[in-house]
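Mind having a look at this structure? Questions to follow.
Labels run A, B, C and D following the written order; every chain starts at residue 1.
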């Protein structure tokens, strides 16, 4: 299964590890039960081929059925205990000193905000979460439009984002790396293309990243870049997108202040390369049919300037 | 309406009630307890207490246990003689059916008690607000 | 023909209550409709539980018409009971007389219902409280109207024919259904009119 | 005897001609129509599944776009649940319950006919809308707000909501007919404990229908109100709540699974008993299991909502119930194995389907335990693991026994045997294809593939297993084509079946194949659970039921003692008219709420036409007769 960056069977966080342990317990129990029942069935059928095998007496049969039922009851109650105990353990992850993130689901992308008591230190990005390794993370989940579900199988199970409610998921990454998550609740046309990455790094690398994200977009340093910014500010982009440090302050699309640092476009649909960016801006409906991003009808020149400018948003 | 055996009809009514409640009461109580627990889990979180959930379990087990006993005891005794005797085999049919309903009620009640007790597991293991 | 036989030629052609087919059909409908009433009532309580104020931003419904209608509905059980027992005694004259009286009650109820809707003090599209209140009252009204029309048809048959003795069973079970509609109203009344006051 | 059966046939036959065809009320006629229609929708739903599998066969596939894919998976789920599975399990009941309880007819026959027409029209309506590109696209579960007024564009969600109304009305009607038949029309001697297991399963299923389906009726009605007249049930901005929808939907939705599953368990018992030629072991335990499952089935619905963030203590009560519901199913399986223990089994095709049940369904049951666990469910919920689980349960637990049951009862319905050769080929291919399709999906889900995605990127590494699954789907498709061909060929030229080709124990096998319009003559009585195997000659028959008019023997609920003889309704065209009018009302209401008001007028007329007696005497004449004491003695009637 590839590099298993989106797999419940490759846990890299304590929560997913606990679930994975429970899974293997249930898997092996189930396997034993399955094999035992099929063996019993086979023996039952096999005995019929022997001419001397008669019907077992009702009493004998009743004894066996009762025994099998009793074993089932004990096994099931054991599994119930295991399940609830796992739930209790997962709830014990301390949220003190946790990193607070707010994720809002939109059709079909993720807005990510790093909370801070000082509003000016808050950071908004999209479709990509950077998190420190070994520190609990408390993510509050909200939905802008319809129900979505936040799911990074390597780290935890899924929790829904529901309009009018706020949910919480607490997790912790124990191994640095890039993990992939995906919306798990059907949310309309492009439910298939609503992925995101979680980049788990050591805490100093994470702090560096966070500090960098807090800075506004750098001013354009060449005439081409200036005209690129002009396309943003005067064209249709600013109606939906925000680029801090410019006049673009739209709220319906991803924050683009540091878009060039991100690895994918359109919520994990295509890799973030200049070519992909160009064709995405040119005809988003071709790459992600139904996306709320309209075709903008920019001229070839404007498009080039715009892409060049966006490339500088590091 | 009196039966020809002289057994009062009210006794027969009780027996019927016992048999039918055996068929219906156990699982119904289990389901009601579940809804009660579900609603009260919010209260449990607010007040950080779970004693009422335990009490509900005990009450539910007591009710279903009583029903089981009730159904069990309804199996003995002889059925009424038929008011419109048309079928030669009816007496035996009734006796078998009464025993069957009684056994059915007892078994279903026991299973219901198991379900009720299983719902106690989360109350014991989990903390009130998770 | 040496096999033993059970001779059923002397059995009657109809039976009232749980011995009859119509009773079971009626009970089936009652179970379904009862489940629906319960579910809408649960929906009401659910939405109430999620709202910090109840009713949220509106005056509770006026008590006057709703309470009057409750009395009318309870009183209507009397002619229905007379109609039912007349039917079960094969007293066709009495049955149709009492059915018409019961119809008069139902008609009065439906007219008062219009005033009830007008004094709910909320519209269905105002908020979720309004939606569920209207739905609850609307669902009950649908049942009252349906049974009203049903009883009208029955009365029509009783007066103009053709009729059969088995019609008496239908008449008897029609009253049963009416009792259900009356009984169902009581918790609905409590919810619509008193839940907003006690909250 | 012959004169009497001629007379009976004349009395009970559906009327001839086209009008007669539309007026039919014979439960066997209606049952066949239900079965054929349901299999028709099964083919459509299967084609939709095949299309999805083709799209998913390789990553980044462009065969069909997201809009069509979303419509197709919604249509697939909706069709299989509402137009195939539930109607089919009830349809077997419609055809066989009256025969298995030894009744002359089904209770409330006109209502039954109406139920069929409403079902047919609802299904046609859905597919016409789909053809017009207004097919629902919000999933068979129709979560709000995606299906709500703001995000569910056009009429698509309304089409879904109204289809629900159609099918629920139909399902509820059939349930009432079945309950009444089972309680009141059993042959003398068939006390509750002697009810055949299939009949018992239909009884508890009907009760589940009666208490579960109102929930989805309320849900779909409030959804349509939100969309059409601006109510706010599901709008969080005005006091509504999207979770309310999920509660209402799943309070129906999970019992629905058992509605589909339980009758198949009834069929399993029949098949295992017949082909091992033994009374099933633990008749009472099996009845108990069916009943317990039906009850506990109402206490598990929240396990579809574990990921919604509800408090863990509250949802864990549903974990407990979802795990405990395994016990009765386990008891069933143990009893069946005890039935087979050392028996001389005949491996005819129906029995192969029954044996396949064990191999497939138990996997689904065990993954069901995993899904009942809150933490584990958070991982696998809404992934292909669940897709695999539910197909193992529904196809293994229900479709296999149903296909086996169809094989088993085909001779009874048509008088001809299905070909064993074709039957076994179809079975083998279906068994292989099924496992090939769905087993890999467990792995896909665990490796992160969510459900309801129209495509997936290549670098996820899901391609191989998806291709395998798609290959399996093609195999299943071929298998079902062979099955269908077998039905078509054998219908014309299969071997003549005779009354009881399998030497089966229950009453439906004591009458001719296909059964006459009047089902039995003479009417039977029973003394045990397996009447055919229990010295039939000494068991009495029933005499004294009229043959010149539609007279049916009504018996008591518990012990089935004869109680009275009721005159049965004649065939009538009015159910059809009423269904047409109601169909107009339902469809119109998608476009304007006034359709309900306007439609109510012809609907009233149609129902008056239906219920107004066609024969009888003038009221005055009857009063004179009654006053003269010409009615049954009161003590007999009351």
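Going forward, a contact is a pair of C-beta atoms (placed from the backbone, for glycine too) under 8 Å apart; a residue touches a chain by one contact, two chains touch by 3 or more.
Because the structure is predicted, anything quoted here is derived from the model rather than measured.
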* Which one of the chains is closest to the middle, using the mean of its C-alpha atoms? -> D
* To do: Any chance you could check whether C-D or A-B wins on number of contacting C-beta pairs?
  => C-D
* Interchain centroid distance [CA atoms averaged], chain B/chain D, Å -> 29
* Asked: What whole-Å value do you get for the distance between chain B and chain C if each is reduced to the mean of its CA atoms?
  -> 30
* Whole-Å separation of chain centres (CA-atom averages), chain A against chain B -> 47
* Structure fact -> By the touch definition above, chain A meets two or more other chains at residues 73, 77, 80, 84, 87, 91
* Sequence positions of chain C contacting 2 or more other chains -> 4, 6-8
* In chain B, residues with contacts to at least two other chains -> 86-88, 114, 118, 121-122, 126-127, 130
* Structure fact -> As the complex stands, chain D meets chain C at residues 107-108, 111, 172, 175-176, 179-180, 183-184, 188, 210-211, 213-215, 217-218, 222, 225-226, 229-233, 235, 238-241, 244, 247-248, 251, 522, 525, 537-545, 553-554, 556-557, 562-567, 604, 607-608, 611-619, 622-623, 626, 631-634, 636-638
* Structure fact -> chain B residues touching chain D in their complex are 23, 27-28, 30-31, 34, 37-38, 41-42, 44-45, 82, 84, 86-90, 93-94, 96-97, 100-101, 103-104, 107-108, 111, 114-115, 118-119, 121-123, 126-130
* Asked: Which bits of chain D are touching chain A when the two form their complex?
  -> 65-67, 70, 138-139, 143, 145-146, 150-151, 236-237, 240-243, 276, 278, 281-282, 285, 307-309, 312, 316, 319-320, 323-324, 326-327, 330-331, 333-335, 337-338, 340-345, 355, 358-359, 362-363, 366-367, 369-370, 372-383, 443, 446-448, 450-457, 459-462
* Asked: Can you name the residues of chain C that touch chain D in the complex?
  -> 3-21, 24-25, 28-29, 31-33, 35-36, 39-40, 43, 46-47, 50-51, 56, 88-93, 96, 124-132, 134-135, 149, 153, 156-167
* Structure fact -> The residues of chain B that touch chain A in their complex are 114, 118, 121-122, 125-127, 130
